[in-house]
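Here subunit A shows up in two complexes: once beside subunit B, once beside subunit C.
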Partner chain A sequence: MSGLIADLTHHLPALQVVVPLVAAPLCLLAGRAWLAWIIAFAASASATVTATILAYLTFHNGAISYHMGGWAPPWGIEYVVDTANAFILMLVSAISTVVLAYSPASVAREIRPGSQHLFYCMFILCLTGLLGITVTGDAFNVFVFLEISSLSSYALIAMGGQRKALTAAFQYLIMGTIGATFFLIGVGLLYMMTGTLNMADMQARIPSLQDSRPVLAAFAFITVGLALKAALFPLHLWLPNAYAFAPSAVSAFMAATATKVSLYVLLRFTFTIFGAKFAFLNLPLHWVLLVPAVIAMFAGSFSAIFQRDIKRMLAYSSIAQIGYITLGISLASSAGIAAALIHIFNHGLMKAALFCAIGCIFYRIGTTRIEQMAGLGRQMPWTTTAIVVAGLSLLGVPLTAGFISKWYLVQAALQADLWWLVVLVVLSSMLALVYIWRLVEAMYFKEPPPGRGAVAEAPLSMLVPTLLLAGANIYFGIDTRVPVAMSESAATLLLRGQM
Partner chain B sequence: MLQAILDHYNYWIAIFLMMVGFYTVVARSNLIKKLVGLNIFQTSVFLLYISMGKVTGGTAPILDDRFPIYSNPIPHVLILTAIVVGVATTALGLALVVRIRESYSTIEEDELNLADGET
Partner chain C sequence: MTGATLIILALALPLFAALSIWIVGKYPNLREAVTLTTAMALLMVVLAILPLILAGLPVRLDLIAPVPGLKIAFAVEPLGMIFACVASFLWIVNSVFSIGYMRGNNEPRQTRFYVCFAIAIAATMGLAFAENLFTLFICYEALTLSTYPLVTHHKNDEARQAGRTYLGILLGSSIVLLLPAIIATWVLTGSVTFTPGGIMAGNVAPLIGGILLLLFLYGIGKAALMPMHRWLPAAMVAPTPVSALLHAVAVVKAGVFTVLKVSVYIFGLDYLRELAMADAALYLAGFTILTASIIALRQDNLKRRLAYSTVSQLSYVILAALILSPLSTMGAALHIAVHAFGKITLFMAAGAIYTAAHKTKVSELAGIGRRMPWTMGAFAIGALSMIGLPPAAGFISKWYMLLGAMEVEQWFAVAVILGSTLLNAAYFLPILYTAFLKPEAADGHGHEHGEAPLPIVLALVTTAAGTILLFLIPGPALELAARLVGQ
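This part shows the complex of A and B:
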């Protein structure tokens, strides 16, 4: 028995990806929605347990290296788990599990009866891709998993009820493929110069090649490609429609995880592979990231104010929040990276809660237009409470998770002597107040539109996960030990021996 | 200068195809033509990888004492994976185009935007 447990523990990094990967075709074969849901949920829950154990092990014993199929690196594919990616693994798998718990009622309403099991198949495949990107220590493997998650998310978005979902998915397919191909070019150029695909091996060989043109070009291609996948301004054009027209559960899952994983890969390539010296001293990555980040903070929030569709509004808000995360990365300091990682985590919690709550409303009233939200405060008290809590967290009100992010971000900016950044962060948060207020005003201070009958509270199966996510926003606003300790350990690790 | 171009002709071909594909994706409004452009764009990267594995004077990678110099097979294997990804992307893209045509009766981007009420 103990031998079995030791074996399982040894293979955890592989199981993290293999379990959901195997679950995907099983969902397809299941053929029935409820059976597919059980398989998907079980796989996602097991991924969460795996990620939590891995996070615990890496936090206490240091990084774990796993040789896929027993082939030693640098020839074989190596999976490396350290506190940086264990943290992301935990976030992605936990959000996926909560969203899957939320999804049956929502999917039954929004997806055609014949293709509901396909929905779960694509969902769990998307999870596989995101986990694989995060866990792998091989540059080409990142591309493969990136495409697994992208292709399944195009299909998921296209499952949205309106026909606009199709054009949104197509637009994302074009832009996503260009982004992934840019990344592929970058990896190819790196392979050409270093002769290896293993990340640790690349890291060792790049310092002596710093001035070579292909390495510079590789860095540019990889940064632009990942910025496209992460929807960093001005490469965010695919995001608003994709999130607005996707099924509710998909919006919640993708908004909380997909762009975050791309940002993690950006962190990994910038700091672990190329090194902070190369990116920030030889090349002006500080400004290349800082300027779009600041513009995103304002342009995203400003566009959000004028949206009449709440899902679109939240999507624009995501663009602004990605700006905050990128801002943290651009500071290239331990405090900045920790702030970015904390915000990746906290933004995942708030956006998942908001999109789930909007999904509850859509379930009841069949629309996400703001004028139709009027008067819902009394009719759906729990759902609207969840929106208010997550909205406060988005603003960064004390005692919510969002406050912790802003606090660390402001501290990182002050540490870098960029006090004007602090002003900009606070100002852009004011813009968030405007669009969250519009929603609160509609829900609580307006009479229901004429012609809408009685609206009941959302079913418990949707409400409980939504409230759980909203509650997490408060919990992690008070008890910050886990995200802060993990992020700071990850930041130290990413910057080890640099700057 | 000319010699520099001729020596690296494979890269020039890759860059040319890359730009042709990229331009087609950006400039064409027909969704099928966009996908064709995307395919050319991806194919250029395949060529970049494949030609990078060539070793001058090398033969096919056969493990035998008679062939001491052989080309690097790894980029070729990598690109097999990328080709599969490309096929899947094209298939999914075409499936989306079919569905778009069914619900909008057009695959021209400007007409789609018009139908969606965006300008």
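This part shows the complex of A and C:
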């Protein structure tokens, strides 16, 4: 028995990806929505457990290297789990599980009956892709999983109820493919120069090739490609439509995880493979990331203020929030990277809670227009409370997770002697106050629009996960031990021996 | 009971009240009983802390630290003690008044009103006892949020507009100015704990210190230093008990309390003396005192006149804090208590007039002194306190401010205090003249009315008596104020 457990533990990095990967075709074969849901949920829950154990192990015992099929690296594919990606694995799989718990009612309402099992199949495939990107230690393997997650998310977005979902998916497909292609070109160039696809190997060989033009080009292609997938301003154009027209559960899942995983890969390539010296001293990555990040903080929030559709509003808000994360990365300091990782985690909680709550509202009133939100404060008190809590977190009010993010971000900016950044962070937070306020005012201070009958609270199966996510925003605003310890350990790890 | 238990009780009692009021909301008598009982229990708890503080014993409670070095903790010191005593006593009085007012005017949503009120008191207690800026900030924001539903009680367009101003200025200033000031303090000094003597000296260059001072003064929007004062007149749309809460018990007092606390325990008076900016800020406060008084002169709406009077009186505290002599700091601390008693009397009198006579304008008050002698008598005492004349307590705080200003030869402050005293007289005495000496206008309507309902009269007579008592027996308050400046 103990041998079995030891075996299982040894194979955890592989199981992290294999379990959901196997679950995907099973969902397809199941053919029925409820059966597919059970399979997907079980796979996602097991992924969460796996990720948690991995996080525990790496945090206490250091990085784990797993050789796929027993082939030693650099010939075989290596999976490497350290605190940096274990943290992301935990976030992605936990959000996926909560969103799946939330989804049956929502999917039954939004997806055609015949293709609901396909929805779960695509969902779990998308999860597989995201987990794979995160766990692998092989540059080409990243591309493979990137495509798995991208292709499945195109399909998921296209399942949105409106016809516009199809154009949104197509737009994302074009942009996403360009991003993935750029990434692939970059990896190809690196392979050409270093003769390896293993990340650790690349890391060892790049310092001697620093000034070669193909390596410089590879760096540029990879950074731009990942920035596109991460929706960093001005490469964010695919995002608002994709989030706005996707089914509710997909918006919640993607907003909390998809862009975050791309940001993680950006971190990994910049700091582990190329190295901070190369990126920030030889090349001006500091400014290349900082300027778009600051513009994103303002442009995203400004656009959010003028949206009539709540899901679009939240999508633009995500663009601004990605700006904060990128800002942390651009500082290239331990504090900055920790702040970025903390915000990746906290923003995942906020946006998942918000999109789930909006999904609850859509379930009842069939629209996400802001003027239709009027008077919901009294009709759906729990859902609107969740929105307010997550909204406060988005603003960065103390005792919410958002405050912790902003606190560490501001600390990082101050450490880098960038006072003016603090001012900008604070000012852009005020913009968030404006758009969250619009929503609060509509929900609590306007009379319900004429012609709308009684609206009941969302079903419990949707409400409980939503409140759980909202509650997590408060919990992680008070008890910050896990995310802070993981992020700081990850930041130290990413910067080890550099700068 | 230990100090920590008492602090927990002081925070938990009002929250418990909020929950209970919500549960028994369908039974108005029971609901009001809950409010009154917990209010009295709270006063007992606060008074139980008083001997510990007078004996110089530490009373503190550490909860948790979300971020290393940044903890939620409470520690009672003399200034917080004064504020907590005033707030918990006035909660009882204001509750009695609210019951009369809300029932007398058939106000809707009364349960929500009492729930929010209790939460606001809990936030005030937390603020008074906060051990550091972080805890204070959380309670400060909680106070803003919990009073917001009170300001917009009527839920009409006017209330919503006022609510937007209220929330916009208070939340906005606190997030844009106060929070960065707190963060900067933490970065520069490595601490946000309120420490006797301050934490800035030796850590912060005078130039940066000056900027921080401005950030704090304007960031604490509740202290209503011009131009941050606009929320205050706007919030006048709320029912009168709310105005009384905002202007006397909780919100504005939380503002000047924070200003005083930051100047004594974060900057430290010695450090402030090195700052050129402290002088400049003194002029800003003086400007606010005079300007607000002049605006008050021109208001015909009684509540608006009182609102501008509040703006002016608050800057007295800021001014006194910035005179930077121990005596004037004592004056500032006393003025928090004194103004609370005087202004709540005035607002409750305004509410009484509205409830009994449905009048809101000064010009309509001719002869009302004869119809409502108790109300207008109390109003007169409140007005005397605002002007600073004996036998009202306003005299004492102004006395200390003037003593302090003369001691350090701060003649500008002396001139402002004397000048504004004249202005105060100029906008309060005409009200008394109209009410008592002008004959009632024969408008043909002949509204026959007598005094306001008994709870209202009872409440305002109590606070008026308190104003005089505070003049006659200032001992305990003076003792606490003296401890604040370490004497």
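Just so we're on the same page, the second predicted complex is superposed on the first by the 499 of 499 C-alpha atoms of A that agree within 3 Å, B and C clash if a C-alpha of one lies under 4 Å from a C-alpha of the other, contacts with A are read in each partner's own complex, and residues count from 1 in each chain.
Keep in mind that, in the parts below, a residue touches a chain if its C-beta (ideal position, glycine included) is under 8 Å from a C-beta of that chain, and two chains touch if they have at least 3 such contacts.
Please read these numbers as outputs of a predicted model, since none were measured by experiment.
After overlaying the two complexes on the shared chain, residue contacts for A:Ala155 are found with subunit B alone; subunit C is out of touch. By the touch criterion stated above, A:Leu427 is placed in contact with subunit C alone, subunit B being left untouched. Once the two complexes are overlaid on the shared chain, A:Met192 sits against subunit B while remaining clear of subunit C.
In the superposed model, A:Leu399 lies in contact with subunit C only, and not with subunit B.
In the superposed pair of complexes, A:Phe140 makes contact with subunit B only, with no contact to subunit C. Judged by the touch definition given at the top, the superposed model places A:Arg163 against subunit B, while subunit C stays out of reach. Contacts of A:Leu414 after superposition on the shared chain: subunit C is touched, whereas subunit B is not.
After overlaying the two complexes on the shared chain, residue contacts for A:Leu173 are found with subunit B alone; subunit C is out of touch. Residues of subunit A that lie in the contact sets of both subunit B and subunit C are absent, per the superposition on chain A.
Only residues 140, 143-144, 147, 151, 154-155, 158, 163-164, 166-167, 169-170, 173-174, 177-178, 181, 184-185, 188, 191-192, 197 of subunit A touch subunit B when the two sit together in their complex.
Residue ranges on subunit A touching subunit C, taken from their complex, read 395-399, 403-404, 407-408, 410-411, 414, 422-423, 426-427, 429-430, 433, 437, 441, 445, 477-480, 484. On subunit C, the positions that touch subunit A within their shared complex are 64, 66-67, 70, 134, 137-138, 141, 152, 155, 160, 163-164, 167, 171-172, 175-176, 179-180, 183-184, 187.
Interface residues of subunit B facing subunit A in the complex, by the touch rule stated above, are 22, 25, 31, 34, 38, 41-42, 45, 48-49, 52, 74-75, 78, 81-82, 85, 88-89, 92-93, 96-97, 99-100, 103-104, 112, 116.
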